[in-house]
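For clarity, chains are labelled A, B, C and D in written order, and residue numbers in each chain start from 1.
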Amino acid sequence: MTVDLARCLAEAYDIALPHRGQGKVADYIPALACVDPNHFGMALALPDGTMHVAGDADTPFSIQSVSKVFTLALALRRVGSSLWDSVGREPSGSAFNSIVQLETEHGIPRNPLINAGAIATTDRLIDGRDGDAVIEEILAFIRARAGDEGVDIDLDVAFSESETGARNRSLTHFMDAFGNLRHPVETTLGVYFRQCAIAMSCTQLAKAGLFLTMDGRDPRTGEQLVEPHRARRINAIMMLCGHYDNSGEFAFRVGLPGKSGVGGGILCIAPGQGSIAVWSPGLNEAGTSLVGAIALEHFAYAAGWSVFD
Amino acid sequence: MTVDLARCLAEAYDIALPHRGQGKVADYIPALACVDPNHFGMALALPDGTMHVAGDADTPFSIQSVSKVFTLALALRRVGSSLWDSVGREPSGSAFNSIVQLETEHGIPRNPLINAGAIATTDRLIDGRDGDAVIEEILAFIRARAGDEGVDIDLDVAFSESETGARNRSLTHFMDAFGNLRHPVETTLGVYFRQCAIAMSCTQLAKAGLFLTMDGRDPRTGEQLVEPHRARRINAIMMLCGHYDNSGEFAFRVGLPGKSGVGGGILCIAPGQGSIAVWSPGLNEAGTSLVGAIALEHFAYAAGWSVFD
Amino acid sequence: MTVDLARCLAEAYDIALPHRGQGKVADYIPALACVDPNHFGMALALPDGTMHVAGDADTPFSIQSVSKVFTLALALRRVGSSLWDSVGREPSGSAFNSIVQLETEHGIPRNPLINAGAIATTDRLIDGRDGDAVIEEILAFIRARAGDEGVDIDLDVAFSESETGARNRSLTHFMDAFGNLRHPVETTLGVYFRQCAIAMSCTQLAKAGLFLTMDGRDPRTGEQLVEPHRARRINAIMMLCGHYDNSGEFAFRVGLPGKSGVGGGILCIAPGQGSIAVWSPGLNEAGTSLVGAIALEHFAYAAGWSVFD
Amino acid sequence: MTVDLARCLAEAYDIALPHRGQGKVADYIPALACVDPNHFGMALALPDGTMHVAGDADTPFSIQSVSKVFTLALALRRVGSSLWDSVGREPSGSAFNSIVQLETEHGIPRNPLINAGAIATTDRLIDGRDGDAVIEEILAFIRARAGDEGVDIDLDVAFSESETGARNRSLTHFMDAFGNLRHPVETTLGVYFRQCAIAMSCTQLAKAGLFLTMDGRDPRTGEQLVEPHRARRINAIMMLCGHYDNSGEFAFRVGLPGKSGVGGGILCIAPGQGSIAVWSPGLNEAGTSLVGAIALEHFAYAAGWSVFD
């Protein structure tokens, strides 16, 4: 049975479109608050290079927490399994920025996709290097995956993140107090705030995620970027922890590993099939793009890609 | 590429066999403590009726928490989405019997696969009926799925569960205090303790799980037992919450929805493919069968069934 | 400088009187909910036998948690310091019925004046005896202190307490699960619910508290009821933990060891000076009698009895 | 009945002396770790100017958390009751540096004597001023109370506190994230770390506490430093919260408002009577001077100063 993926994408876009403008745009920094809530884009990248797009697929947006997936891949590649000395691999059952579990578990965050865990992951990725060098590595990795040198950091966003980053500073100093930080707090946060401020379009993001659909191999360059079992690990973590306290609902509705960001972007990985990026700024109560989640649910259903049926 | 599933199962059994006797047998009730730790069985059931087995596949064991999957299916069938008024659908990030989250979240357990959530699910399944009638319904459902009238409750185990059930009584009264219990505590626990004490063999259990691989339809009888989206829901919950604080590790290693019990049994669902049951009493630190998890990891890898690569 | 205590009491009564009817009457059981909120009584008992009273000083009310002081004294007398194996002696920083700390601290409640701690104390007081015998001992102790055989249990209240006691049952089973209970749950709760349902007037209650002002000696009979250092312990615990999350405020405003109950009664101990009981059913947000706390604050100030200035 | 306070002090010193060297010296910074554990001093200051001393009463030590009492007094004097917008007045039931309650209670620490609460209090005391000016005010206040211009900050200690202050930085950023900080984190911590590093002898400390025994009036200068009800508030908070999770035990044993510091100092206030300072570096498990607590218990007993009997 062959599925017409282009049609699936178009239908999913049409079904979600009427919800455009619903939800609440992230407003904790001006650069996010002033984004037009009516944006809505989708892009599907297939391993053979085929792209299908809909709507504002080429408008760059702030990927925010979606960046955690890329730093996780890079950190695993750089420090291997020793990463798990610094961060766990289990769902947290708490809000994305909770500090309670961090106290109970002595400074080891639950997983690399909550804030504390992503900061710990970035800290390990730095690995004694200069912060600028590390952010360059992250950018180079993403640009190579997206096949687009235009991917860059929105420094306004990065600066605002740092300005309003009291909670993240608290989490980072807290891990430091438990000896779970290998670099100065501001070095690690300097990289973290900038990685969150990377701006990408759906097209770029979908391409950049393709290596996770192919057991860690970039289908464009043929390069094995991370070992197959590490790609599997990343996908499993995305499935279980990719949407904070909404991960169970997303797993049921979409049935694919995914990671959402408060900028309204979601990256979804269908192992062996393809990579889908959606973007629409209005968020549901759990901080996931409302329109994006609807679109992904319908696409996954139409394509028969949910791993749960 | 055709996979020889019989060979995959045999190989997985052989790889896991040397670990037999490792881990710690549950000892909180005598009936579990005295089980020979060297038992090890596997059974694979395919929708076409094919069965592959290895080791002690026909020895009955106490399914314990694996029973939560069946009561969840029955409760969803009986009360539909209103079940979610009584229990959530997200990972808990806590031990299987923690009461902390229950206080924070006003008596609504995180999901139907932790103890409090399973008790709330059983409470809803009772739905005003007599406890004996409900346990009969559960048994009849499982017997019909397994195609075996021999499935029954080990009353020694049930009695011991009740005797040592102080923690579960506490959880149940706690939910009652928040108005999240519809029947007397002992009525609900009477059903719950008995469902946990159901004894099944791997062969019976693998057959009984098949409907979850087929969008809720029993492939033997053709009967649609639960709606497709409910089967998907159950699978998603198993993937995210099936092994308490070890769910992330299991998702990575096995890559399939599963549910483990302290009796040493694990039921795994490969949607569209088949249902696998394993049993070996020695538990790892997270309370999952140590040998069983190794066997499932190798089987899923060999069969290419992990949904994450 | 001699203080006219009769005048102090009368003035405190007059100052608090306009607040009569404010606050919220406990409504979780009918027997409490239907009490007239306009009741207000005060009684001051001095070691020399002098009594000063105001308002409804001779109307019996449900002493509820004030009873915890008497069972604490009796338990310390019976089992001595071994009581502290079952319950701590530190403030809890949580609501009166929280179960969170109980999980963190493995079933040992923080202090004998929160519900779990009072239940653990009652459990130790039972000491292998029949529940009826223990409640008789408690009653006999209180009657002897009050010099009044009329003190009795309001069985309507006791029955309602048991009916609505899901939270307390949960706490008790929880302690049982940690091995911190020496009798069957219902035996211990049977005593606990009845001790909470003891009805006393302010006059009776003030007299009954006198032994705590006199280093554990009953000034009327001369009997040493508990050793001096145990009376000191009880007073210290009342000061630090007597009003749940309002203990700091009460210590500041009144400056005396005290214990409040949701029936609207408060017993206050001025070591070496006297014992004061107040009653008015309207409660402040922390569950302490609103009018009673105002009256006590003014009395302690006028009498110069606050230990903090 | 007249008590010979000089003899009481001498006896308490003699009784506690054999315990000298017991307990564990704080070792998180070198400047504290290298203090000789055999030091032991006591000083009693009476409102009439009389001083009684024993042992190393004139050796300066790091007062650490004892400083929180003075900044609390100064903050109350400066901003009045609005201080309670930033910090609570109830016992915490948690360790001195826990962040859990801070999350539950939205960035408002439980009381001014745990670390987070003391930092919030210092933040309010700053009140828009330069950090150096504030630390000068604190020093001037303490010097005036002690009648000794020699009181100063140990800058080695202050620097080390800042170096190892990850946990306190985390707490401070956390409060900042909830909007409960009015100055930059490092401004507030700059004052806080220096106030903790003030070095004083027992003699100086006992004199400095006298105003709290006299309803807020300095008996030497006659100056009303804080209003009487604020002195009462401070004493009540010291009684309920002065020794973290050991406050209940201290209240029972000593029966007086007190505040301990990890440098091994304790300041105790007997309202209307006098002020006692003790110092011995070995700490009990709760972080209170082991020898100091024994000495205070015996002194309070001999002097009949416990407020609980």
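The working rule: a residue touches a chain if its C-beta (ideal position, glycine included) is under 8 Å from a C-beta of that chain, and two chains touch if they have at least 3 such contacts.
Quick caveat, the model's predicted, so the values are computed rather than measured.
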item	value
Set of chains adjacent to chain A and to chain B	none
Topological distance between chain A and chain C, in contact steps	2
Distance-maximising chain from chain B - centres being C-alpha averages	D
Chain A and chain D, separation of their C-alpha mean positions in angstrom	48
Centroid spacing, where centroids are CA-atom means, of chain B and chain D in whole angstrom	56
Computed distance of Cα centres, chain D from chain C, in Å	32
Interface hub residues of chain D, defined as touching at least two other chains	none
For the chain D and chain C complex, residues of the former touching the latter	88-94, 101, 110-111, 215, 228, 231-233, 235-237, 239-241, 245-249, 251-252, 255, 257, 271-272, 306-309
Partner chain B, residues of chain C touching it in the complex	98-100, 102-104, 166-167, 169-174, 176-177, 185
